[in-house]
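The following pair of complexes shares a single chain, chain A, combined with chain B in the former and chain C in the latter.
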Partner chain A sequence: MDSTKQGISKKIALLGSHAVGKTSLISRFVTREFPNEYLTTIGLRVDQKTVQLGDLTVELIIWDIAGQDDPVRIPQYYLNGAHGYIFVVDLSRESTWSQMDHQIQVLEAMMPKAKRLVAGNKKDLLSDKELQELKLPVTPDFLTSAFTGENVDEMFHHLAQILVHDDATTA
Partner chain B sequence: MEMGVKDRNAANHLEELRAILLTPDRESQSTVMERLAELEKALVDDKAFEERLTPHLEAQVVHLQKNFPKLFGQFLGPAIKHQIEEEREVIIDALYPIIGKLIAKYLKEEIKRISERIDESMKDPFSLSTLKFRAKALFAGVSYQELLFREVTNRHKLEEIFIIQKDSGLSMAHYSLNEVTRSQMVAGMLTGIKSFLEDAFQKGTQELDTLEYEDYRIKIYPFPRFYVATVIEGSPDQEYERFLKKYVDEFCAKEPIPAREEVTQVIQDRLSLALKEHFHGFNQARDQ
Partner chain C sequence: MRCFTTWRKSWFMMTLQQLKAHVLDHSAQVIVFQKDGLMVDSCHTLSGVKSWENKSLYDSISLLRSMQFAFSHIGNEEVIDIPCVDFVLEQRQGYYDFTFSLHPENPDLVVWLVKDQTRVYRYYAAIQQERNLLRLEKEYKERGQSA
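Up next, the complex of A and B:
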């Protein structure tokens, strides 16, 4: 009788250097708000939000992990059991993406089973021309702005979709 | 070097760290600012320093306030880790209340939300239950929202019970006497904090078994791939704890808990229902 009611819970993590906008992206997605003050995340904060994909309800449990330039320093126990993660860079600050290929490699080793998306955030701070000229070591799957909300829901929904389709590949 | 000075310095650092770190995240910066303001005050109190230092200090305080996360963010992690290694015993005492607060904050927000929701649902002035509640509130001399809040929070001793997948921290089942709805958030934070503490204070392979905050106590019962967490109001005596442990063990013995598998709604519904059936009479059984 209950067979139409399908649901699944998935743990995802947001990772990347300091102040790239991890908390702001989550806040935009979960509460529809952009925090107007920068308060650095200390340790960890967990949020949850349900995404509806057709008949399927995906409950995303989002681990907002304090920014870390060197991913080796992220405690493994925060990443354990993660089904997916979003690696976030700040498009307007090269220092947050110049090492991204290496950083992603390290994260892959720490979470071999997790699906990955790469977000280039703070899109609103760059002109179209600047965006075109940007050469990132790894091409982001989504260019987002937590400030305007552009592509934020799309990104989280896309990740939810990837997580429930085992055969899907990460970009 | 004088030991006394070193100790005092260490204690100061620790105080500092304690105030800055692991405070509920969004409060942390205001703590830093308060501290800077205090520091500033202490220095300007001394008349001799006042004129020479104030302008520099103000500029510095503003600079620090603005740039604290950028300047120090990356050093905080290793600094805590180092501090913890050096000062295990001291820091345990310092950390516990803070961690408790963090969880308390989550649970309190939840309970408040629920009481607001109930309040909302009782706005219908003609419903009998509303009238009853209003009458009761009138006699009791408190707002009926507050009364409701009390009813919701004080009725039972065992308040919450979770079954949590160990690695992912996902809640596999939850039964609450308070109808806490964002249970995944609580389960995740609890798992993060538990891992952090076990890593920081690793004493052999021991797992964390109790967290306390205010008038609540979280007991953790570890199994290989999941753990059971109970939130109890008040300070239970040993006999109470034995009684509760027996309930938990009985539950885990009779109910298959597929902690290797994906956490699906079907599993959550089945387990949560089983939890409810097993535990709903717990407080009454206990009181007899």
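Up next, the complex of A and C:
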């Protein structure tokens, strides 16, 4: 599926509980803006951004899926065909990460082929000491802040890289 | 005074089928496209979709572009359900339910049913927003108390 006129195209999904910052991360990445107001996502919104990895142009088609504590409730067709996903938690709210190992396990079963990254978002709300003391059930791949932009581009680029690398090794 | 019994069926010019089509016209649109994305037909009841004519929908709509694989493998009886999509249908921003299935008479074509559910989902969004804000407030309060 993933060829377009311009290059490679990949579907990725952002998942996690409500208000962890999924929409804000996408907005920061796609439009460089941080929405000031919290407007909960319902259902699904799709955005798109092209990234350059060396000679390669990769289009990320990003499915922003409404926050859901119980991944089983996400419509399976939202997830089908995803090449990768980012599971986002809010570092400042334990309720968003206390069950993350179980939630990720369920998502793995729903998207067995998709590559995963875990984002610990809202890093800006915690001091270095608080960050060090946090004991998350799954260690995030990136600590991000949609507010300051820290690690946001890096995370999406890294996922794009993993997906392209995956193509190269499975080809 | 007009008596209830004088309301005879024959007074109505429309059959029930026509009436149903008339009512649904304002809330749904059917778009037919080839598996390579080329739009073949549309009933235009929600939007004229002029900018999509004679083009591959995959070039214009990233959501569909990311589903190409699903369309090329869609089963005979399968209905791909993508509910509650925050979507701009030719300048009409709203919430739509999408379903995709094979054309009953030509399996090379995909039938895309677009149902405009904006009114319902806006109401739901307002409730969900309130619920989420309340949950956040409660969590922050509890954290404040335990800190």
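Note that in this section the second predicted complex is superposed on the first by the 160 of 171 C-alpha atoms of A that agree within 3 Å, B and C clash if a C-alpha of one lies under 4 Å from a C-alpha of the other, contacts with A are read in each partner's own complex, and residues count from 1 in each chain.
Here is the rule we use: a contact is a pair of C-beta atoms (placed from the backbone, for glycine too) under 8 Å apart; a residue touches a chain by one contact, two chains touch by 3 or more.
Since we're looking at a predicted model, the values are computed, not measured.
Overlay on chain A: chain B and chain C clash in the combined arrangement. When the two complexes are overlaid on their common chain A, residue A:F147 makes contact with neither chain B nor chain C. In the superposition on chain A, contact of A:K11 is made with both chain B and chain C.
Of the two partner chains, both chain B and chain C are touched by A:N80. With both structures placed on the common chain, the touch criterion links A:L39 to chain B and to chain C. When the shared chain is aligned, chain B comes close enough to touch A:T57, but chain C does not.
In the superposition on chain A, contact is made by A:A19 with both chain B and chain C.
Using the contact criterion defined above for the overlaid structures, shared-chain residue A:R93 touches chain C, although it does not reach chain B. Clashing C-alpha atoms between chain B and chain C appear in just one of the listed stretches 61-69, 79-87, 115-123 or 133-141, and that stretch is 61-69.
Residues 2, 5, 9, 11, 18-19, 38-48, 59, 61, 63, 66-67, 75, 77-78, 80-81 of chain A lie in contact with chain B in one complex and with chain C in the other. Note for the complex: chain A touches chain C at residues 1-2, 4-5, 9, 11, 18-19, 38-48, 59, 61, 63, 66-67, 75, 77-78, 80-81, 93, 95.
Those residues of chain A that touch chain B in the complex are listed here as 2, 5-9, 11, 18-19, 38-48, 57, 59, 61, 63, 66-69, 73, 75, 77-78, 80-83.
Interface of chain C with chain A (complex): residues 58-59, 62-63, 65-70, 72, 80-87, 95, 121, 124-125, 128-129, 132-133, 135-136, 139, 143. Contacts from chain B toward chain A in the complex involve residues 20-23, 25-26, 28-29, 68-70, 73-74, 76-78, 165-171, 182, 184-185, 188-189, 192-193, 195-196, 199, 262-266, 268-269.
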